[in-house]
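The first chain written gets the first letter, and so on, giving A, B, C and D; residue counts start at 1 in each chain.
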Amino acid sequence: MSWINRFIDSVTDKGKELLQAEDPDRVKGQYSLQEDCSALLTYRGDATALAMAQQILGRYDNSSAEEKLSFFQYLATEMSPDFRYVAELAQKLEQDADSKDYKQLLAALNGGRHMLFELLNIPGSGTQALVKMRTELLDLVPKHPELASVDIDLKTTLEAWFNRGFLEFREIDWHTSADILEKLISYEAVHEIQDWADLKRRLSGDRSCFAFFHPALPDDPLIFVQVGFTEEISDRIDPFLNQEQPVSDPARANTAIFYSISNCQTGLRGISFGNFLIKQVVQHIQKERPQITRFSTLSPIPGLNRAVQKGYLAEDELQQIATPWLTSLNKRYADMPLTELLSERFERLDESHDDTVSFLNELGLHYLTQLKRGEEPYDPVARFHLSNGASIYRINPFGNRKPHGMKSAAGLMVNYLYDLERVEMNHESFKQNGTIDIHPNLTKSKRRLRVLS
Amino acid sequence: MSWINRFIDSVTDKGKELLQAEDPDRVKGQYSLQEDCSALLTYRGDATALAMAQQILGRYDNSSAEEKLSFFQYLATEMSPDFRYVAELAQKLEQDADSKDYKQLLAALNGGRHMLFELLNIPGSGTQALVKMRTELLDLVPKHPELASVDIDLKTTLEAWFNRGFLEFREIDWHTSADILEKLISYEAVHEIQDWADLKRRLSGDRSCFAFFHPALPDDPLIFVQVGFTEEISDRIDPFLNQEQPVSDPARANTAIFYSISNCQTGLRGISFGNFLIKQVVQHIQKERPQITRFSTLSPIPGLNRAVQKGYLAEDELQQIATPWLTSLNKRYADMPLTELLSERFERLDESHDDTVSFLNELGLHYLTQLKRGEEPYDPVARFHLSNGASIYRINPFGNRKPHGMKSAAGLMVNYLYDLERVEMNHESFKQNGTIDIHPNLTKSKRRLRVLS
Amino acid sequence: MSWINRFIDSVTDKGKELLQAEDPDRVKGQYSLQEDCSALLTYRGDATALAMAQQILGRYDNSSAEEKLSFFQYLATEMSPDFRYVAELAQKLEQDADSKDYKQLLAALNGGRHMLFELLNIPGSGTQALVKMRTELLDLVPKHPELASVDIDLKTTLEAWFNRGFLEFREIDWHTSADILEKLISYEAVHEIQDWADLKRRLSGDRSCFAFFHPALPDDPLIFVQVGFTEEISDRIDPFLNQEQPVSDPARANTAIFYSISNCQTGLRGISFGNFLIKQVVQHIQKERPQITRFSTLSPIPGLNRAVQKGYLAEDELQQIATPWLTSLNKRYADMPLTELLSERFERLDESHDDTVSFLNELGLHYLTQLKRGEEPYDPVARFHLSNGASIYRINPFGNRKPHGMKSAAGLMVNYLYDLERVEMNHESFKQNGTIDIHPNLTKSKRRLRVLS
Amino acid sequence: MSWINRFIDSVTDKGKELLQAEDPDRVKGQYSLQEDCSALLTYRGDATALAMAQQILGRYDNSSAEEKLSFFQYLATEMSPDFRYVAELAQKLEQDADSKDYKQLLAALNGGRHMLFELLNIPGSGTQALVKMRTELLDLVPKHPELASVDIDLKTTLEAWFNRGFLEFREIDWHTSADILEKLISYEAVHEIQDWADLKRRLSGDRSCFAFFHPALPDDPLIFVQVGFTEEISDRIDPFLNQEQPVSDPARANTAIFYSISNCQTGLRGISFGNFLIKQVVQHIQKERPQITRFSTLSPIPGLNRAVQKGYLAEDELQQIATPWLTSLNKRYADMPLTELLSERFERLDESHDDTVSFLNELGLHYLTQLKRGEEPYDPVARFHLSNGASIYRINPFGNRKPHGMKSAAGLMVNYLYDLERVEMNHESFKQNGTIDIHPNLTKSKRRLRVLS
């Protein structure tokens, strides 16, 4: 336990005594959670404010789903800034920019709901409680759009706290503490970890793992990436997931494959660390294992099948890509509508059939580089890596033959290459112009920069 | 160098290359500092933004005083939020609270000047540069009140960064690194440290020192307090400042005297750590040296003489306090106006004269407890300790016989007692009602709670 | 990897090159392991010596059981000190104590076999290899008593290395690294740990674990003790071993029960750390959990049944203890010889039968305090704790109802109390006079100090 | 304070109480120091043994020079091993190697004086006390050769404790603790450090410092080396010692110059760390500052003038070297005996005189490579570096123009080059054959390996 938490705990304890003496009804919970929040904003002493904040967090935690919703709705309405007053001050400031009015304007915006979150953030475990609270809030927003403003303020509070200046970067291995490893097992989102033996294999010899931590969530990773050291840019996920895979000699490896990246904290959604993590891991490996010179992901293409089924890909382009393959197929598929055909076939494609492989290659590249959501690629994993500045290096038909992989993406996987010489340039081009860097390897000629249009 | 700074440096270097390729004129400094700032807000790529931020900080640092003023004025005017738009959005939100409008409102306020500070805060040494920038800005504000709004935004940025969650608490002793000790010598604001030998004495056996640090200013203390371990609540500062003072056996001490507290970073003015520090030191000493049971300051009364000279103390009350002493004085002072007399005498008072001592005791207590600035005590040191929850324990006439002490406060010093049993209660009463806790020792009867009125 | 191991590795690598150039046959292994040892003693350069030492350790490791025996026999004979020369020098020194002769005498004794062990100890993993080598040597000594002298020298080398000045004391909990926890599971010698879930329970809330480590065996514990925090001095082992046992509130505990102590390194037999560990744990807990005021083991009595069966206990005394119990038993046991009866009954005793309980109490105390091996108690666990200065606090019939516990000690367990006020005094009395401290609780009157006779 | 020292202190305190109760006269010091030592060897309890050991160390420390001498003489005679018994056992073992006899033989040798040192080594500050004791003993040995055997045993005890497995390697810079830096100032033996400002310059930018520490002497260096980073292999010491020397850009440096090496602990004489230190520093710098590719000392030649004056250099060879220079000198020196002439001239040589420079070059190389003490070079600094495996790279006439440098070595300095490719090979050749590696740079042709003969 850090000195600051111990310190805050001791002040909180004093605050509880004072609160008990001054306002025993409040301590007994005679007032509503909402009333407690509104009271907290009036407290001028540190100790009672801390005690009250802790009481509020405890009451929230013990609330029913209904009570929580009503609590958030209270924050959305009663605790909303007084926009009439804000408008008044802004008009005054427009006429004559006086710093006292400016202060008041900021206070009018930040003094209520946002201040409440700041006050709740102080007790030792306040940050953890807010991260959990936001997880629950985010669940409610889609059905209760009026809560989106509450989330804006809560996110602002968490964002300031989780700034990257305090991120801790750690290599995770078998020397790491059991409680962190246990969390890894439960957080792994991409390729499930079966048990301790499975985890141990993923941390042995030719594998490693890296994570970001933050002092506000001690021993609870924010995000982690699993890495395998290989002699080539892998096109299959199997060897990374197979516990029985023999450990190869890491000294002979020249390539690092990022085969799984998991965000751990839903409550920090939109507060991004992932782009940092991979680049930092690349720099770290370059220093610690200088023989490793290539860095690539082996990534899923999670949106492919959905895009095909929902008809998001232009019918004519799809047709053009598919024709050679269709031609080579059994005639009985001739009359089936393309989308239906694809859906039907995706789970039982034939790896030995060259035209199938060619088709899948074409299809994957087409999907990744042509289908957009807003200004950016439709596929969320592509969006992430291309925005980081990675290049599309290769499409891997039958990269993931597991049922889930076949179903969601016809078994296709993709390598995104992190070339530190190009990565920042690519990132800038992507951000400014939507340009995607496609490796010459893939275009079979020179490097192609395809602009998303 | 931390991993994050190394990482940011590497991205910044890439950004410089990209910037050089894209906009060589900008890198050459063909545009004004102001134009650079305005350009930075338009960059969408991380690397170029970092490079630009670093360029701006460098250019600011090399600017003349005049250029800096004009830079701040630019921030105050051109970079001010568009209040007309803010007012418009606020009116809209008053009608119908839509989260998109709320987002825009916040962006309208924070997207310009405040965002600029956030962007400048990122490069490795950005925080240090902003702390220095604020030191210079604070110097300008009194003569240029229009810059106060700039300071509001700059302070907000620094406040988020220097939140107490990341404060590091360290005991400073002769095992501490030379670079930190060297800074202590230069920062000590209350009782100057002469040289390394003087410092060594202040860290030996019956003395110690505690400080707060923050990762954003590595090895540069934010605030520190010097402590002596004694067998009584000291009434003289001399023994603490005298290098030749023999080291007494710390095992026999039962009291900790805080005899000097120095804030180190002007650029963090208003972002308070001091109230934490002393209470934390008390807790720390209680744990590490359980035989120490009393905690008191030996503090100056810096505003006393000025208050007397400027006639801030009510003439009739002052007269009443002074009469017994004046009566006992040589007649030739009889006709002198009181204020003049006091000023004239303050540097050569007679310690052996009982009436003088009584008068000084009365005067000190009267000044500390009756003279207010706003809602709080006029004396800045009293304000600090009483707000923390300390009690006034004793007035010490001739506590500081050095010329500066005699001149500023007629040699008076005061002990503020930190009694952990009372400190939070006192703090709350002070904050809520302005109550000051005066130790029974001083009132010669029971504990008196005097309300500032 | 520590700097020193990295450094030694780099020198060893150079040494291999030099050795390869100078004596390729040796590197190829054309000479016997014994010849390599003898060569090593002649090397004057650091690098080749290191390379040779590593080669020897590798060859030993790859040797068959037969080869190892013959290697040890070589050390016992050919590598034995030249006692004739030793005698000669000692006679010379007896006449005239010259320091050059003294040096030579020491060299004559230490320059061969002992020096070989010292040289093998240097490479990075040398110490680990020697610990393993001694494990194997100790296995051979009973059948090959001529190897005992080899063990004396090997133990001397390890003893100097594993001196207590470098012991690391660590609390083991769920934050401890997985590789250490994995070792705990495999090393637990007293009460087997089933799996990770079982281990986690033993490290939760009302339990803890403490261990000694040494830099020469990084992350490999030397010895560890498992502790439970309770509200009384436990008389049953069950609750400590049951994974489903609910976690009790450690804040309410006032007693620490040491319920399992495991030595981990057979190769360090006779180099004792255990006596340190428990006392250090007591001191540590006293500081960190001041509410814990009693410290006791819950220990097995491993030798009891064997002593009964082998008739080590005086027949008449045994008879006297057993009579009341026998009288109360079914008649059909009347004619059975006592020893046979006890053996036969030990696995199916009746807990509800008062006379049985009384008998077991008497038997346990009698065995622990009356049966000796040399100057000390016959029971190895008693020997350990009583030598440390613990008192016998209570005998616990049916403390361990598991088959192994019933079979080896009729279910009896014992509490050895560590009372820091008495422990050193007891230790001294035990060491000087063989006195055992029996708690008044047990004698039902005043404290009894029974001298082993 | 480490846990082990705290633990030992607590046991020692108990031991004092027990000792006080059992033998109050002993605690009062009624017995002689010698009698205390002899008593200590009979104690069987840990606590009283520790208390007695501490009492002995305290009494020794307070003894007069005379008493200390008599204490050492007691150790040399009364505490000497019983060699008659040793001889007896050795003869027995020669007949029949029984491990019990072997154990007894070792006990006969180690059970007395050596055991005493082991027991004195245990209390917290025991090691420090023994290091100091040996410093004093080494002072006495030259006049009292009978004490040499005592030193053999004391050194053995310290050697086991200060084994290299526990050495700590640290870079010393301005971040290092003040107490260590203060010790550096006092320990610097080669080129005196004037004050804190001088030290700070030696730790700035283009300089650094590295040291070995050992846990038994916390914060007290064993040995340290000062390094300057330059753009050439320096031939002058001045720039390294001049506080006003501007700091050059360390990024441009390609060479590390070791310009001062100081052993700090006289009491550890003969327990060598120096050879490790330089090679480790070279490896460390290679990793941390890869642009540094050359490593050389700039060393004094402390024995040169003494060797010349005492006539240790063969007269004819010296004559041959000196002739060209003498010829070019003023005639009035013609008849002076060479040795006298050299001594007379050494403090006022003319740097601009080419023949002088040539002569000094020849003289330096001749002295370093031809004059021996036993099997190794006569010059102690040469012995150290050449034994480590360094090469003689260059002789630097007028390298040190300070009075001391001119007087002891005619201003000559020498560069010993540490070429990691050759250093182990050189070390081995030197150790086996006495071969010295002379850099081709010096022989103006190919590398010369001159064998000391």
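In this section, contacts are C-beta pairs under 8 Å (C-beta built on N, C-alpha and C of every residue); 3 or more make two chains touch, one makes a residue touch a chain.
Note that the coordinates shown come from a computational prediction; the quantities given were computed from them, not determined experimentally.
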Going only between touching chains, how few steps reach chain D from chain A?
2
For chain B and chain D, what is the smallest step count along a path of chains that touch one another?
1
Compute the distance, rounded to whole Å, between the mean C-alpha positions of chain A and chain C.
51
For chain B and chain C, what's the span in angstrom between their mean Cα positions?
58
Rounded to the nearest whole Å, what is the centre-to-centre distance of chain C and chain D, using the mean of the C-alpha atoms as each centre?
40
Residues of chain B that touch two or more other chains sit at none
So the touching chain pairs work out to A-B, A-C, B-D, C-D
Residues of chain B that touch chain D when the two form their complex
174-179, 181-182, 196, 200, 219
Within the complex, chain C is touched by chain D residues 3-4, 6-7, 10-11, 14-15, 18, 44-48, 76-77, 80, 83-84, 86-87, 90-91, 93-94, 97, 99, 102-103, 105-106, 109, 127, 145-146, 148-149, 151-152, 156, 160-161, 163-167, 169, 215-216, 275-276, 279-280, 283-284, 424-425, 427-428, 431-432
